């Protein structure tokens, strides 16, 4: 968030139309995203009620649980969902490519595709997390046996939910977050969590402003909530229907009620299904940012790792992280946050503007350059070409700060001086300390040192630290409780009644 | 400092209807947006905000699902079924209550009557005897405890109270939200903790009025929830000293509502009563004027809990108040009370208006941001008049875009 | 022309949406009208619930009595229903238990002890009011039907013991208890100390004999105080109440003062 | 005045929250002079080092209670017995300070300073002949004492030490301890529990309630897994003057009572008289602070930006007035380097620095920094930008107890707080509301109450000066 966002929101409120927060799209939108809209039963931790799911806009699949308190019907839902999702996940494993990674570098293989699930809102992500949790520990034998696909689905859903916390990951995304990352509305963040209103702001129907359309879109009769919680008034209908189902004298009557329940649930889900695809259209219309494919490659790599894990080990994740795995995940998350923040700024001048406003970046024109500058350091001296950059706003970065150049990967400089320029603006003296190739004396390779008159953005963003190693799980020290018991699913996990 | 005149004032505002009963949930709401004068007066006068909102033309958009209500009732019944078997097992296992302790008192009814007043009296007698050590009860089921709130007596009903845990009374709250892998929804747990804190305050005042040490009521409560995805109950002890303090503080400044009510115009009314022929005693316009005379402190969070929020939001949008866009925007526009003013200050730098020196700094920053924003943004608006036909040419023609 | 099933279903869906709108607008009159039309359409489409199935089931009275005899102490409708399903194959419809006690009271008033035993009330030990939601048998002595502070616990232990013994007997006769009965036993075992063979967690299949003994052991701890309560109260009740009140409980207390006046 | 219903007891009367270090150390000497109590507490820790059968000791130290002295003495104590020790602190600044003090106190001791490659050791370290700096552990491993940052230790691979000392342990994140714990068998953890918790750049409650939550501080984690460990406490603040210690203790350390090591007469702050005729609130507030230890300059109420220019002016101007009036601490001149201005945010610090630079070079030595960066530091006089000044709401960040505690406990003589009026009303509107997690006891004192207590104190006529 930034003052820039505030300006965009003010303009949105003024014009009644959502305003862009980016110039490009920073998320990967797959060619074949799986759209999944879950509904759950009110008052329960995770009792699936229905879901609309599929990769084809014109062929949504409706799954329903006509009596959500019935354990058998719940597992039938999980099985049906598995029957849809697992082949789609498997379908990503058709082609592979090689890439170099590791230290020392080695050649590795990964799939050329990875799945992408889109849900309407963060509540949808939470549903996936909980459904994953409630199915991955099930046993496929014994008195509470479930179909083998159910715990496998649980593993996958858990994995998706775990990955979605990493900014920049495109494996499981919430539409409201995607849209609010790219547009500002004239409403508050809480109200923007309502998908129908949010889309109305961004793409209002003809003849209405976004603000008017958003207000109308709050009517639950026209625009049912995008799940997973249902409209409490709709629940009254459902409550009567499930009661009728329970009282049905025979299978034929029960089947009739089931059909009615399915119709009613479809009426609640269909509008959101349409909204999801409109959101996808809006996002696809934005040009992708330069670093989106790179982040998608990370998704494909972790997807490849997980498919391998499932084949070679396949034990479900434990209920909670142990000390070392928690710390490892925290380090990865902090690294991902830093990378994503700076990558977005490097890819998008409108995002970079947020950092310029806070003084963490500046854009200036090269007004002087000394491409052959050497500074004294022992016998050889150091090759440190110098630039003077003219900026409009008062520089806030201190002398000695290291900055990176937004347009030129790897080009790094140190601020030597800053002063008010004669006439207007300010001048900043920089010496280049990195990104010069391997040369140790002039001349620098062609085109590396910015030219006079070139306008470039410099920023403190972009320096990453490799976190220090963590102990293996079995070496957890006494300060953190010693080595944990390796996780084995217990009969209790499997038995945990789902009712 | 008699409160009578102002109580009369609040009663006059309300008209002939009986005040809305004061519940624990209502009291915990005191800690949500305590800066809102409108809400303070409406609550102190016991006005039915849902009905009021409907009369003002913007009925509240939430309510409870029959499934959620049924689930809540069913779980409490399960925990208390079979002679409180599950609850007794929990306090024995988790809190080390000895097996000898199994006496209970069902205060849902007294002598076959469910009258809250009778139950409150019975609860008082029993607590008195328990505190004095004359009797022993492990559990009191649904005791009724009075609490004086703004001149009215609220009769509060904790799910249960245990005695005999560490020698103190503990409030027990039975909630149907799940504890999954040891974790519960922190917002729901916080709401339960606040309610428990109200009960603790009420029990402490009751014991004190009976001449006992109020510290006999523990400052932690026992939360019973279903575990994971099952119906099996689990118990957690939660320290509510901070909640007791926060709610105690808000209770102590309730007098504010009286002062606010006294400042209203003489003809102001919030009377929702109906005449004998079923028509409203006061017109909607009169009600709107009465509500309008009370200053609101709208924030988007209000939409989550206040029945009147949609009315207040419409009012705030009308006035282009910055808080409509969220706390973040409001913080960026300190001292500027409308987004229209903010935009005018941004976009007309040379209109000769002398800036308030306090605003100068704000405006300078906003202008810098606006300059950058306008120079970097991509063209506004969607570029998708016929998006669907671009991406999927075979799409059926009838699909609606709205 | 009669509308097709599809048309009827569509019509019902429309009416349901209209009903929701009426509820949202708090228009009760409209809601009632729409609801009537909806019922009509649903019935025509054969969707509505058919609740006229009473004739195919044995009278609830007999079912409740059977479950109470097995349990041996006053019990709540939910438990009676569960027990009946677990040990006599079918659950008792809860709605039919609800009215049972009142029906029995009327029947007793009309025909006296002729139809005994009646399904009657358990009584509170202080005011002899009918205990909320508990049913008992009229041929049980008052001592068994009066609940003091320890009464709910002791009665639960009685239930546990009797059900455990029944399961033991079923097994002894070479049979197997129903899954519902096994489930009930497992749940009950969690509530009685000493009912598991090991300390490391609940037993997935508790030993009925051990469970019965554990329940008896805890009941013995409470017996002295509980029996005293029951006997004293029963003696008082016999002295104070006519026979019908001894069976169905004293009339409820009257509220004398308004709710808000507690001082 | 704030009024609480009589039935609700003040929080301080309750039992200490779970997981709190049980108070011990020096309490049996409650009536003894501060010096005796402090010595006894240190002696007890040293004895623990020799005798404990647990894997460690935790020592809680309120502000200025001789934490560094304890670390130096514990190091000397172990070295005397020929027991090598590794020391981990949290920042290079802290490590360099510590090395300087260690080498000054024990000039005979060979000390290794483990640092990152490319790090340039400051003169205060290099001036000691027995200090060896290195970026790798090999040349230092056999020295009796090796000091480095926790971040550097995390990359070290060598045989474990018998004892480690972890300094500023409450500032160390649990995952940093996890990375270093393999390097020692036992450890002495020293730190100030009242300061800011370490932070992470991600928000998640995935690990809340876990005893090994990687986002907790090191002490909480180590105590959760070693409940038998000794909890000790340093009972005397040598820094805080008699005017400050009771307020800081009541507001921030309700369960770790301590006393000031000095009396008012030991801490005399004198200023030249204010220029005659000028009734400048900045001078008045300085006079109040000199007389009573606290000054509260209250500017007119107004919602402001975080970087309230008038507040920055007032802080810089007051610092300017202070240094122009030839301040003396017990007769010794107070230089700009003994004055600090504390803020909540970096941009506030930058705004103050700009103003100071504009007022002249005599203010160049004044330290201006955020609470996070002022942790562990000490000055004669501090000026504080009140975290709630000009705000329209009181967020958890701004209410955080540790932030206010750091800001109000850096001074030896006097502290001037500058704020917009209206904080009382702000607090009234924003009572504590915390999300409640199972197995996570509430933190005491909570920020709301601490702020109330501090404001009650500052609002007194002896301290408060209306400004502007």
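A, B, C and D are the chain letters, set down in written order, and residue numbers restart from 1 in every chain.
To be clear about the criterion, contacts are C-beta pairs under 8 Å (C-beta built on N, C-alpha and C of every residue); 3 or more make two chains touch, one makes a residue touch a chain.
As the structure is a prediction and not an experimental result, all values here were calculated from the model.
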Can you name the chain whose C-alpha mean lies closest to the mean of all the C-alpha atoms?
-> B
Considering only mean CA positions as chain centres, point out the chain farthest from chain C.
-> D
Determine the centre-to-centre distance between chain A and chain D, using the mean Cα coordinates as centres, and give it in whole Å.
-> 38
Express in whole angstrom the distance between the two chain centres, defined as the mean CA positions of chain C and chain D.
-> 63
Please work out the Cα centroid separation of chain A and chain B, and write it as a whole number of Å.
-> 33
Multi-partner residues of chain A (at least 2 other chains) | 220, 233, 236, 320
Multi-chain contact sites of chain C, meaning residues that touch two or more partners | 24
Touching two or more other chains - residue numbers and ranges from chain B | 182, 332, 365
Set of all touching chain pairs, with the criterion as stated earlier | A-B, A-C, A-D, B-C, B-D
Would you pull the chain B residues touching chain C in the complex into a rising list?
-> 54, 59, 77, 81-86, 88-89, 92, 99-100, 102-106, 108-113, 115-118, 120-121, 136-137, 146, 152-153, 155
What part of chain A is in contact with chain D in the complex they form?
-> 165, 320-324, 326-327, 329-331, 333-334, 337-338, 358-359, 396, 468-471, 475-482
In the complex with chain B, residue positions of chain A that touch it | 1-11, 13-15, 17, 19-20, 22-23, 41-46, 57-58, 130, 133-134, 186-191, 202-203, 205, 218, 220, 230, 232-233, 235-236, 238-239, 274, 277-278, 281-282, 284-285, 319-320, 349-350, 353, 356-357, 393, 496-499
Given the complex, residues on chain D that touch chain A span 55, 151, 154-155, 174-175, 177-179, 181-182, 187, 200-202, 204, 206-207, 210-215, 218, 221-222, 224-226, 347, 350
Note which residues of chain B are touching chain D in the complex, please.
-> 31-32, 34-35, 179, 182-184, 186-187, 189-190, 192-193, 201, 204-205, 208, 214-215, 219, 223, 236, 238-239, 241-246, 248-253, 297, 327, 330-332, 334-335, 358, 361-362, 365
